[in-house]
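Two complexes follow with chain A in common, the first pairing it with chain B and the second with chain C.
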Partner chain A sequence: MVMPYVLVIIVFVVFLLISNIVMSFTNSKGELTLENYISIFKDNVFYKTILNTSIWVFGSVSGQILLGLCVALLLNQITRGQIFFRSVILILPWATLDIVAGVMWKWMYNDMYGVLNDILVKMGLFKDYIPWLATPKMAMLAVIIANIWKGFCLSGMFFLAGIQTIPQELYEAAEIDGANAFGRFWNVTIPQLKPVLTTTLMLTVIWTINYFPLIYVMTGGGPNYGTETIVTYIYRLSFRFLEYNKAAALSNVLFLLVFTIAYLFTRKMAREVAA
Partner chain B sequence: MKKSVLSIVLIVIAVLSFGKTLTIWVGGQVAELDETWNSVIKGFEQKYGIKVEVQLFGFDTYYDKLVTALQAGKGPDLAFADLGGWVPTFAEKGWLEPMEEQLKNWEGTPQIWPNLWPTVTYKGVRYGLPWYTDCRLLLYNKTMFEQAGLDPNDPPKTWSELLTAAQKITDAKNRVYGYGVSGTKTEHTTLGYMMFLYAAGGKLLTDDYSRAAFNTPEGLKALKFYTDLAKSYAVSPNAIQYHEDDYRNMMAQNRVAMSIGGPWSFPLIEAANPKIVGKYSVALHPYDSQPASVLGGWALVIPRTSPNKEDAWKLAAYLTSFDVWMKWVEEKGGPMPTRMDVCTKSKLANDPKWQVIFKTFPYAVARPPIPQYPQVSEQIQIMVQRVLLNELTPEEAIKVAAENVNKILGAK
Partner chain C sequence: MKRSTKRKTMKSLSYILLFFIAIVVAFPFIWLILTSFKTYQEIYSYPIIYLPKSWTVEHYQKISSLDFKSYFFNSVIVGSGTMVFSLLIGIFPAYAFSRYSFRGKGMLLVSVLIFQMFPMIVFLVPIFKFLDWIRLLDTHLGLILAYIPFTTPITIVFLRSFFLSVPKSLEEAALIDGCTRTKAFFRIIFPVTLPGIAAVGVYAFLFAWSELLYSMSLLTSKSLQTIPTFLSVFVGQYQTRWGPLFAGSVFATLPPLVVFIMLQRYFISGLVSGAVKE
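Moving on, here comes the complex of A and B:
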């Protein structure tokens, strides 16, 4: 009964992985070579994309986790209309198509018609419209904000599920011991949530590294190389420049990176369970 | 025995009927005209008795789709390819069937505009049949000209006239601008810079495409003027974020008075604002030392893996025949045919907008038809962006870009 699954895995995972590895070590004539890897490490854009990916992942993940946690705590307090609030707040951004979300945020940031600028100016926070996507730093901030909106729901949903499994007695015991609301949060909720936190952190980190449509739609990796991450660069190499071998090599570098992150997280989790 | 005969017959029938269906992939703007395609294809099916399946793709997804299919050897029998460097790029990968033999014997070959052939040639061999074309012009809004006290029938002809007109129209406080400078990290920016580069008497690459040729006083002058329109003179919306398609929509709303456009803009600007009919026009784009334009368009190519190459050529020749093109133009009024005889004999010859186009077309240059073109184009985009972002001076940016382009082309 295991055979079909093994076959599917071999066809769709192992075969593709191996063909990608073979491709990364050959040149366009089919000869074995290391030049794809050498050209990546000689390429200045590669180091720029590593830096950008780090900023993108750090900003997006910390924002998503924090916002997700806040929303989960708040939603946990609501007793009436649970289903309505949960579906609106948690499902809506998550269920929006990537491309739709990208186009929507691009229009919201627009500096001639954008609704965001309009609101900020009417609130008196800014004197004039600001061109959100016009400089590399602002563009990075803008895509991170959009990605936090797009992704906080998933961590929120995990956290909400985690919070609801915490036994009520723990809070009661803490209250008897004289812990205030913050103390209860810090000493009961957070330690109890830790396994969920670690898993969520690992998943969001990996997803954010590999997440591509939002940046592609909003900035296309620009201005200059301001928002070019490793994945947008791989896309550009293979689909714009048709440099399949170099793109394959870069994909393998990315695969190793993601694999290492996943390995470190799982090892940490396994140790915690053992302890 | 009976069973095996039956199955062989069935297989033969299956193979034959399968082999008689031609697939054609249509991308770009003409892909939106599905009804016209149906009637044109029906004519072919009746004439040759070959079934044709037409698949239409929007421009945004078409390139990825086609490249993936060709790479996998699963392409159609006949496909549209953009004249902006796709044909030589695909030919270098060995994905296309040469068309040299068929073109030599075909009646229509001498009728194709001669400046189109380099766009489908790789190493001296022609791999495509140009089907429709266009050239870039100045698209402008007559209402905004009138409001600023300018003559709507006398658009600017030189760079200094362009600047004066744009400054008169610009009212930055109310977000009204004279000219739209494309500065996004897309092909539009390269095309915009090329318009100014050739108008200053410069060139993108040397004639044999072996190295950069824009690092000259003319190239620098073009880069400075192009970026200054947005930076120092501030007659354009924030250039980093917009390109000519955005400006066309702003023009439909009377926000931007001039930008680069062409024959393809007419239906699109009228779709954005139906009231603008008759209130916009085109002219030769303002120039510095010589009139200039960049041509674009689409060619028909036959993928090497197609099992029906002969029929595919029949379809390509049929689509590019005089009769089919005349019918197309009578019904649709565009796009611009690659056949000179259709241009002079159809109703287009009497339309003033099309007269401007036919007059400009001989000045139009093609983008370098080389496989490395996408990388070269990216360097131009980054050069313009670095100047717009004040990261580099025009002198530094053009030097860096030329060095990178030479590296890409393998020049010493």
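Moving on, here comes the complex of A and C:
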């Protein structure tokens, strides 16, 4: 019964991995070489993409986790209107196509006709319109905000699901012991939610590292490599510069990075389960 | 008394905050819909016009004249194909993972998860070459094949959690009554978990529905391309044609939105068991 799946694994994973590795060690003439890796580590853009990826992941993930947790806690408080709020807050951003989310935010960030500048100025938060996507730093902030919007619903769903499995008695016991709302949250919800939290954190980190369409649509990695992450750089290398072998090498570097992160997380989780 | 009033304030506060969050979250999408009904003059007006003065359907007419229907149907074909194949490939391993213990089971399950961890872009060039080699490049079947490795892992993980939620005693009773394993699966497990299976299927469908990178790169014939590619055409290097882009976006988002809302119960319950029982 497991055979079809095993076949898929063998055909795709092994074949793809090997062909990628082979590609990364050959040059355009088909000779065996290390020059692809060397040129990556000599490439200044590579270090920039590492830094950008870290900022992108840290900003997006912390925003998504925090917002997701807040929404899950709030949704858990209410009884009526659950379906409505869940549909609008958790489902809508999720169901929005990546490319649609990208163009939608790009249009809202438009410096002249964008609605965001208009609202922020009318609210008195900003004095003047700001060119969101024109400078590297603001562009990074802009794509991170858009990504939080697009992705917080998943952690929200995970957390909501996790919170609903916490036994009610624990809260009652804590209340009898005189714990206030914050105490109950800190001493009951958070520890009980820890396994779900770790899983969610791992998945969001990995997904965010690998997430490509939003940046591609909104900034294309620009301006001046300001939002270029490893993934968008791989895209640029293969489809703009047509340096497939260097792209393959960079893919393998990324591969190792993600694998290490996943390994560290799973080891931590295994230790927690054992403890 | 005091406790119940406290609880009530908590509840009302939650409602107020949720309303606020809901407005902020829904706003971009509402803005998208509003913009799709504005004339270009209103889209590029300064200061900004919030509600369209004269609701126009010119952008919707524009996309229909560009044969949006054909892109829509292509997306339906690719989405359904991906759904069917992922379920067919995933359902039995998932059942096996939930019921039998065998050597290497843990490793297989981990390998399922690991594939989830690799960015799709890493495999684009190898898959491109592979499809070219088996002569399925620029076909719907080829694109579906390319999606399978990305959808099956999550399919298996979710399906497994649904199967785990069915008590073993149910099928054991059937086995004692002389049912075969396969029969027991289709007679007992399958009907009980059908909503869950549907939810997982929809997930696979929507993965294919919204995927941009592969569909853009693997389908080069115009008559075969899917909605994301259609939309990407309006995003130019220097100029973006917002009107038709947003009209198409509305149509692209509505089907998944409706289905997701209808099946949300199963997604959330699937996630509960998926995230908690691992």
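As a convention for this text, the second predicted complex is superposed on the first by the 275 of 275 C-alpha atoms of A that agree within 3 Å, B and C clash if a C-alpha of one lies under 4 Å from a C-alpha of the other, contacts with A are read in each partner's own complex, and residues count from 1 in each chain.
Rule of thumb we're sticking to: contacts are C-beta pairs under 8 Å (C-beta built on N, C-alpha and C of every residue); 3 or more make two chains touch, one makes a residue touch a chain.
If you're wondering where the values come from, they're calculated on a predicted model, not measured in any experiment.
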item: Contacts of A:126 with chain B and chain C, given as first, second, both or neither; value: neither
item: Chain B versus chain C as contact partner of A:112, first or second or both or neither; value: both
item: Partner chain in contact with A:47 - chain B first, chain C second, else both or neither; value: neither
item: Which superposed partner A:89 touches (first chain B, second chain C, both, neither); value: second
item: Which superposed partner A:58 touches (first chain B, second chain C, both, neither); value: neither
item: Which partner reaches more residues of chain A (counting touched residues only), chain B or chain C; value: C
item: Which superposed partner A:251 touches (first chain B, second chain C, both, neither); value: second
item: Touched partner set for A:241, first chain B, second chain C, both or neither; value: first
item: Contacts of A:16 with chain B and chain C, given as first, second, both or neither; value: second
item: Interface residues of chain A shared between complexes with chain B and chain C; value: 112, 239, 244
item: Residues of chain A defined as touching chain C within the complex; value: 1-2, 4-6, 8-9, 12-13, 15-16, 19-20, 23, 70-71, 74-75, 77-78, 81, 83, 85-101, 103-108, 112-113, 115, 118, 149, 157-158, 160-162, 164-165, 181, 195-196, 199-200, 206, 209-210, 212-213, 216-217, 231, 234-235, 238-239, 244, 247-248, 251, 254-255, 258-259, 262, 266
item: In the complex with chain A, residue positions of chain C that touch it; value: 10-11, 14-15, 17-18, 21-22, 25-26, 28-29, 31-32, 35, 43-48, 50, 88-90, 92-93, 95-96, 102, 108, 110-111, 114-127, 129-130, 148-149, 152, 156, 206, 209-213, 217, 227-228, 231-232, 235, 240, 242, 245-246, 249, 252-253, 256-257, 260-261, 264, 267-269, 271-272, 275-276, 278
item: Contact set on chain A toward chain B in their complex; value: 110-112, 131, 133-136, 219-225, 236, 239-242, 244
item: Touching residues (chain side chain B, partner chain A) in the complex; value: 63-64, 67, 71, 89, 93, 175, 184-186, 237-238, 240-241, 250, 255, 371, 374-375, 378, 381-382, 385-386, 388-389, 391
